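Alright, structures below, take your time with them.
Look for chain A in each of the two complexes below; its partner is chain B in the first and chain C in the second.
Right after this comes the complex of A and B.
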């Protein structure tokens, strides 16, 4: 499925929109990390929780749990608090 | 006051604004915090549109690396290290029009935020750090003043209009500030001018609408990209447990904050205290790789050099900024490289 990466993390993927697979958001993040090593740790902390400056959206609606089920037609977007200006 | 009817004829012809909307705009007072990339574009847009009073606050000096995206500045300002508010005022004065400018070459913090925002109808975010944005969020929610968050890094940006009492605030979305050193900044991840222009244009459009038009029916989080062109409106809800807009706790504004920065006499150095405890030195080292020179890290400190001087960061978030005695300048460099 399509996954939109926060602009500050494009150094890992070199593009904003990438493909990844997973039945849940947690699995999807695992797959993303296989494809782009180190990316998951920028989003998820040592305790396995979403970092406080990161937020997740599925089809434009905010979701809070990594266990949420995904369909292959879903569009997943990660947002990071942006400090620049 | 001179008659500006002809000057604004094209925009008053736009029916939803009209002459009445223009008159409301001319009666408005706006606080704009920061007049660099976003702030410069916002100031230009509001002055050209004919806002009544614009309060400009900025703590920094113009540098050469500002010129690709900070539209109010010229090479001369960079050569002379002109304070940004002064350079901005020079350029804005050449545009002319009815706007009265009020300039403050200072660092907005909890000690002066309420005074600077007094009688303002709107607060606009042209800052380059999240610490000031959490303060602006407290300030706006406490005083029921709308504010418009805009942030940019790389080719992407975010915009959120916060309408206190009507929609989510910044802390409904991001309840707590990120640990120091964990966020990329424009210095570490780069930034493109068109991304700044996109974000500022949307902020300015929302500003005109809030100041002069009919009320907005709902607020959304806008996500924009200038390199892989796309805009997206994302739905976010008010958090019933939001510490700021639900529980009305305003720590960034009201808790006594000891002075963040002190000049170290005779050393051309300013010591800056971190706002939030521990700093992720390893994360900071990763983001600074390729940006800073002479990176050194051990368990006691991270030290690096940038064009502006040398910065030493300690695990408790304290830093020594060498190469300046100006407190505002040191705070600006701290926020720029530590990504507060």
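Right after this comes the complex of A and C.
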């Protein structure tokens, strides 16, 4: 499925849109980490939680749980919440 | 746990002074910079930013492999990582497994590394070994040059961890930290660490076991110094040429400890009363155990932590803290409300020793004459977190 990558993570993927697979968001992130090593830990902490200022969207809807089910036709987007400076 | 032997040395005049150019690794809230001198340390050139926009808490050269630099970085939204360069900062690789606490069992709350705060190269005999101190307090070790990091369980999973360090919410506003990781140059297994909060700890077995070393240290008035998480060391260093002597700039004063003694002596009481002995950084002469420098900050009222009276001053002691002398030549005489963080002051290994510090307002100041005269060598940088020396590899 298509995954939109935020600019702070493009140093891993070298492009803004990539393909990845997974039955859940957690699996998708695992697949992304296989393809682009180190990317997952910048988004997900060692206890398995989404880092505080990262946001995930599936088909335009914000989601928080990594267990959410995905279909191959879904579009996933990650963004980060930047502060004022 | 008792150390059986102690090799006291008064100084280390045999250590040969460094010569040639000096590079400074300047870590800032918006990236890192290299500041390189000519061979006389008179002119300085600033590099382009390295990892512009990343929060870099520390960048440190490996004295065993001088072309190697490790850098502790994160951004405001991405998790913490370590970058490594093996060509003096030209190219960088990210750690495969950055410092991270163990995953907690199901149903238990585990700790999360917010940022790596401190980096220390391991012992000269252990090539590729590094230590990292994190926020919240954690100690991590790498044995492959910083590519992968593992938790030092003897500390991070100690049964008394929470009594020693307190809860994360009890820490400082930008997070409690483990810092000042010191490796005894005579014994790779002999380690010291300091924690804000938590105090000073010593291990004689490479981190398997630890004991607190806080006797004599004061805590904020009316609190009980027996409670370790009231202790707040800010910066701890070995004395130059004598690893049996430790100096410490603490939240509550400046201290010295001569091993095998276990009681710190408050040497900051001989500082001028109008200045006090609160501060963050300190640095030492590389070859003289009696010489050290501090950069006091205002600890009155709400603790502005700025230069007292808006008049920045470096203080030197050449007698182990018995007396202090103010060094201000070249520094602004007034209206300079500087803050200097604990990693942002260092010395080189030249003769005379070069001293350097960076301000949170983005200036780097240097003295080629052991503090006798100061000049600004860079300005307009982002908020400076750390300044470390790097000597050229030959």
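Operating definition for what follows: the second predicted complex is superposed on the first by the 82 of 85 C-alpha atoms of A that agree within 3 Å, B and C clash if a C-alpha of one lies under 4 Å from a C-alpha of the other, contacts with A are read in each partner's own complex, and residues count from 1 in each chain.
The working rule: a contact is a pair of C-beta atoms (placed from the backbone, for glycine too) under 8 Å apart; a residue touches a chain by one contact, two chains touch by 3 or more.
None of these values were measured; they are calculated from a predicted model.
> Based on the superposition on chain A, does the combination of chain B and chain C result in a clash or a fit?
clash
> Once chain A of both complexes is superposed, is A:8 in touch with chain B (first), chain C (second), both, or neither?
Both partners, chain B and chain C.
> Of the two partner chains, chain B (first) and chain C (second), which one does A:82 touch, if any: first, second, both, or neither?
The answer is both, since A:82 touches chain B and chain C.
> Can A:61 be said to touch chain B (first), chain C (second), both, or neither?
first
> Name the contact category of A:17: first (chain B only), second (chain C only), both, or neither.
First partner only.
> Which partner, once the models are overlaid, touches more of chain A's residues, chain C or chain B?
Residues of chain A touched, chain B against chain C: more for B.
> In the superposed arrangement, does A:37 touch chain B (first), chain C (second), both or neither?
Second partner only, chain C.
> Which partner does A:51 reach: the first (chain B), the second (chain C), both, or neither?
Both partners, chain B and chain C.
> Considering only the listed stretches 73-81, 181-189 or 235-243 of chain B, which one runs into chain C in the superposition?
The overlap with chain C comes from chain B residues 181-189.
> Residue overlap on chain A between the chain B contact set and the chain C contact set?
In chain A, positions 8-9, 51, 53, 80-83 sit in both the chain B and chain C interfaces.
> Flag every residue of chain B that touches chain A in the complex, lowest number first.
34, 36-39, 125-130, 150-158, 173-179, 182-186, 189, 191, 195-196, 199, 221, 223, 225, 227-228, 230, 232-237, 335, 339-340
> Touching residues of chain C toward chain A in the complex: what are they?
75-79, 81, 94-96, 98, 100-104, 109-113
> Would you mind writing out the residues of chain A in touch with chain B in their complex?
4, 6-11, 15-17, 51-53, 55, 57, 60-62, 77, 79-85
> Can you check the complex and tell me which residues of chain A touch chain C?
Spelled out, the residues of chain A in touch with chain C are 8-9, 37-38, 41-49, 51, 53-54, 80-83.
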